[in-house]
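Read the structure below first, then the notes.
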Amino acid sequence: MRNWNVYLSGEIHTAWREQIEAGVRAADLPVAFSAPVTHHEASDDCGVSILGAEPDKFWHDKKGAKVNAIRTRTLIGDADIVVVRFGEKYRQWNAAFDAGYASALGKALIVMHGPDHQHALKEVDAAALAVVETPDQIVKILDYVINGKLAGYTG
Amino acid sequence: MRNWNVYLSGEIHTAWREQIEAGVRAADLPVAFSAPVTHHEASDDCGVSILGAEPDKFWHDKKGAKVNAIRTRTLIGDADIVVVRFGEKYRQWNAAFDAGYASALGKALIVMHGPDHQHALKEVDAAALAVVETPDQIVKILDYVINGKLAGYTG
Amino acid sequence: MRNWNVYLSGEIHTAWREQIEAGVRAADLPVAFSAPVTHHEASDDCGVSILGAEPDKFWHDKKGAKVNAIRTRTLIGDADIVVVRFGEKYRQWNAAFDAGYASALGKALIVMHGPDHQHALKEVDAAALAVVETPDQIVKILDYVINGKLAGYTG
Amino acid sequence: MRNWNVYLSGEIHTAWREQIEAGVRAADLPVAFSAPVTHHEASDDCGVSILGAEPDKFWHDKKGAKVNAIRTRTLIGDADIVVVRFGEKYRQWNAAFDAGYASALGKALIVMHGPDHQHALKEVDAAALAVVETPDQIVKILDYVINGKLAGYTG
Amino acid sequence: MRNWNVYLSGEIHTAWREQIEAGVRAADLPVAFSAPVTHHEASDDCGVSILGAEPDKFWHDKKGAKVNAIRTRTLIGDADIVVVRFGEKYRQWNAAFDAGYASALGKALIVMHGPDHQHALKEVDAAALAVVETPDQIVKILDYVINGKLAGYTG
Amino acid sequence: MRNWNVYLSGEIHTAWREQIEAGVRAADLPVAFSAPVTHHEASDDCGVSILGAEPDKFWHDKKGAKVNAIRTRTLIGDADIVVVRFGEKYRQWNAAFDAGYASALGKALIVMHGPDHQHALKEVDAAALAVVETPDQIVKILDYVINGKLAGYTG
Amino acid sequence: MRNWNVYLSGEIHTAWREQIEAGVRAADLPVAFSAPVTHHEASDDCGVSILGAEPDKFWHDKKGAKVNAIRTRTLIGDADIVVVRFGEKYRQWNAAFDAGYASALGKALIVMHGPDHQHALKEVDAAALAVVETPDQIVKILDYVINGKLAGYTG
Amino acid sequence: MRNWNVYLSGEIHTAWREQIEAGVRAADLPVAFSAPVTHHEASDDCGVSILGAEPDKFWHDKKGAKVNAIRTRTLIGDADIVVVRFGEKYRQWNAAFDAGYASALGKALIVMHGPDHQHALKEVDAAALAVVETPDQIVKILDYVINGKLAGYTG
């Protein structure tokens, strides 16, 4: 049976990835998840830690962002589905960047966010094949998309 | 031995997919089939069922069609061969849409329909590498294309 | 100023193309329109007329559809925007095929049809950036998209 | 002489586009600028204004974002250079989305923002070929890139 | 009005190119023709003549074929339509090579040859949108494809 | 260890494919071979045998060539290396077509033919990364390319 | 008549570009040349001059190389033919980088260098359609490729 | 777990490849390495050894470079990450060529070289996602990129 690659982009401060993964495990779906490195400090400092310190924060950040891009671009390139989650706080421009990047590659895009962000995310949502609010909805979409299972319909 | 991915698009009211699959199993061909969700009501309602109800039928349908597209575009993108079946009834514009979509991606397209639709389907047929009427012909094509077996010729 | 290429696919029995063209001329928009050959008999017979008669209608149609494809695939490939119109009558599978073809090429797709076809066209509509009912709406979209003009907003 | 297409994405509340255009005119550079519709209300309402009102704000926004996408995706697709400006206020997720979209298409990306946003935009900046703070820097880049002119070096 | 690029590949010993060009001029069609260098000796010797003599015929030929490829690949890449003519004599493998090359690029392919070659060219013909015998048929196809003109139908 | 896909196109009357396969087996190389159907009559008649007889040889051949294309285009699309063999007899235009097709897809092309055809095949050879005369040379290339083994050099 | 875009990459210390341009002007060929900025100091310092000084030479160079890439990648992307010249001195890794970049894009590559560099440049030469030593040879290739003119053959 | 393909291009006189491979084995990372043939004489002579001797060194080298390209282009095409190492000696234009080639294909590029080459490699470095000096840094990048492990951060 075909394996589905699902990339989970965006917010890193709540356990939404774990919730999706638990739901998918429970449903026994053939999904391989990938994601950016979600350890905040490691993600910020990976560049200087490996490649050498920078006195200027701009280059400190540039080095880190480039090293992270080795991972993220490769995994987004592999993905069948890219889920982008926008949380309540922070600018999260990298999440929106990933959504645009995935969209231009023709990936199936699913956006997850609360109702407060609806207007601000309208261009991102318009590029998506589904807009959801909860991890449980992602699991249900995967169960339907992969297995054709839909509660109340297919037994 | 190479596995062949065959996507079976179109008509969902007769057992043509099962007939092809049975024939392929009997011939022991290395084929992995995929298809849209063929449960009509689930396919119609998957969007609102998972993402929330819509009072307006247009958005009800839009949500469902987008969720189904997560599945169908991914699987068509994976396919080596796309078979599109047009039945006797209904508009079946999604079948013709899939044929155009697959054709632009350079997929090997096989169209299956009865003689009544020949003129109306001429542009679709012209994009195909084979036009057939029965599931058995699909099985024979797969047996020939994959194994080089042709009844009366190769033993 | 940039010129926009707009391909007008689909129904050939009403004057919707002329209405759009007249509206665009009145608004003085930099648009170059293209379309399939809309002379029904010529379109049906172009293959046999140029390449030689066929006793079998299947090959008669195939020859014609292939010659027409020289035109249509080239012009859709050139288009920035592909408009597909579904009329009240006939199967119009070539229109849906064009929509799928344009969609896979990443063209901006606009679908035009009456409310009766809403459910049957839901997959096609879901691939579109706009769904309209009248030629006048197409003209307004072009005026907005090209010039940023929107009645009641921009003077 | 070659014409350069430059798309100006992002913040719409200050006159940065006009400043770049004035500078480019003064330098007599062969540049054709393009941009999203920058009339805020027209951009928000274009969908419902042309395609019909929606009681639900989500679909109101979706319709508008899709119509705007006809313009923005076409023009970004045409661009040699995509400039994305992040202002002081608002979420500006559409700007970051455009940056990701342009990046995946291989466009030359220039990002413009103040020093406050440096850390939050590190992934976007890392995808850029230049990060600037002022319109004047954009003009200087264009003068150098197109003409090879650099103040203090080339006379 | 759109200009059509038509590449004329293949046989160089008869005046078929001139006949097509004369017909297109008479019909006043917006077509720009291109072709390989048809001066046989120049085509054979261009490599050694410009780049230096080779004692070994294999490298003599290689140098020439590579220099010719600068022209032919560029012009085939530009073409909307690639016409490949097979004459009565010689192996003409470069013509078949061009047909395969153009086909993989998705060009509209027209093949011209006499009835004697029908069986030997079946794979090439199967990749074509039209198979013709005479230059006059090419002109008629262009007139139909570009202008929608078909003798006996459109006045 | 990586598996290499090698497509063997062209001449079907001598045992060159078997010789290459035997050599590769002896060298224990991780190669998966593919090829067109090499049963001449089956290849000629597969279309009419499965899809129905045709009184006109042109359509008989067209049907067969299209069915064969389902196999050949898929397998060439999969290949890392495409070997095209030209024999002593016949036109072999399909071989040259395959070479052009593979070349436009960027496949590594190896051409095999005797010295008599050197001049006639110069354009095909010029697109190749190696030109050989014997199956043994193909085996040696594969052993070198995959394992870095070269007789007299690497032990 | 078609215009040819020719990008002249590599060595910036001799007048080879001017010699090619003069020859092309004399032959009245429809060629538009492009090139990197050849003012050495401007090219080195463009980044810091426009975007701000850097104490670390690594970032000084990075900023400049990125700004130059806006120009070079765009112009190479536009080119039909990329000429790469290797001079007698310096590492010239950017020239070899451009050759690899152009090759992967499928550009027609011409390499120019003296006989001393033959062995060291063998991989670069192997990707080229012509290897020359003098600007005059480039002019002759262009005259042949564009006009079919070859001294001693075509009058 | 996903396997990562890493291609190791460039310098062949020190044991940097073995050091990276040892480090990756120690960290038990799912990486498949590939590389050009690093046996210098075999790499130089593979063409003439298999395809026949050449009296002219230019063709001797051309044959070898083409045979090597069968391997290198295929493996670079497969790679997720391309590492290019520049050593202290030699021109190493093939390394820079590979970097340009990989960059145009959108591969994640890592460049390894000593500080002496910093200025000469600025264009190559500017195309990279990381610039390192030692094999150990490559191993650390792979451990971070694949597993999210960063010494001092993730335990």
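The letters A, B, C, D, E, F, G and H name the chains in turn, as written, and every chain counts its residues from 1.
The rule is simple: a contact is a pair of C-beta atoms (placed from the backbone, for glycine too) under 8 Å apart; a residue touches a chain by one contact, two chains touch by 3 or more.
By chain, with names taken from UniProt: A, B, C, D, E, F, G, H = YtoQ family protein.
Fair warning: this is a prediction, and the values are worked out from it, not measured in the lab.
S.K.: List every chain that touches both chain C (YtoQ family protein) and chain F (YtoQ family protein).
M.R.: Per touch definition, common to chain C (YtoQ family protein) and chain F (YtoQ family protein): B, E.
S.K.: Pick same or different for copies chain A (YtoQ family protein) and chain D (YtoQ family protein), depending on whether their interface residues overlap by over half.
M.R.: same
S.K.: Sort the other chains by how far their Cα centres are from that of chain F (YtoQ family protein) and give me the top one.
M.R.: D
S.K.: Thinking of F-H, which of A-H, E-F or A-D forms a repeat of its interface, with over half the contact pairs identical?
M.R.: The F-H interface is reproduced by A-H.
S.K.: Using the average of all C-alpha atoms in each chain as its centre, how far is it in Å between chain A (YtoQ family protein) and chain E (YtoQ family protein)?
M.R.: Using C-alpha averages as centres, the distance is 50 Å.
S.K.: Which integer distance in Å separates the CA centroid of chain D (YtoQ family protein) from that of chain G (YtoQ family protein)?
M.R.: Comparing mean C-alpha positions, chain G (YtoQ family protein) is 31 Å from chain D (YtoQ family protein).
S.K.: What whole-Å value do you get for the distance between chain B (YtoQ family protein) and chain C (YtoQ family protein) if each is reduced to the mean of its CA atoms?
M.R.: Between these chains, centre-to-centre, one finds 25 Å.
S.K.: CA centre of chain D (YtoQ family protein) versus CA centre of chain H (YtoQ family protein): separation in Å?
M.R.: 37
S.K.: Give me the residues of chain E (YtoQ family protein) that touch two or more other chains.
M.R.: 66, 69, 131
S.K.: Give every residue of chain G (YtoQ family protein) touching chain D (YtoQ family protein) within the complex, in rising order.
M.R.: On the chain G (YtoQ family protein) side, the touching residues are 32, 34, 37-39, 41-42, 45-47, 49-51, 63, 66-67, 69-71, 73-75, 78.
S.K.: Which residues, counting only chain C (YtoQ family protein), touch chain B (YtoQ family protein) once they are in their complex?
M.R.: Residue positions touching the partner: 57-58, 61-62, 64-66, 68-69, 86, 90-105, 117-127, 131.
S.K.: Under the definition above, what is the set of chain D (YtoQ family protein) residues touching chain G (YtoQ family protein) in their complex?
M.R.: 2, 4, 80-81, 108, 110, 128-132, 137, 140-141, 144-146, 148, 150-154
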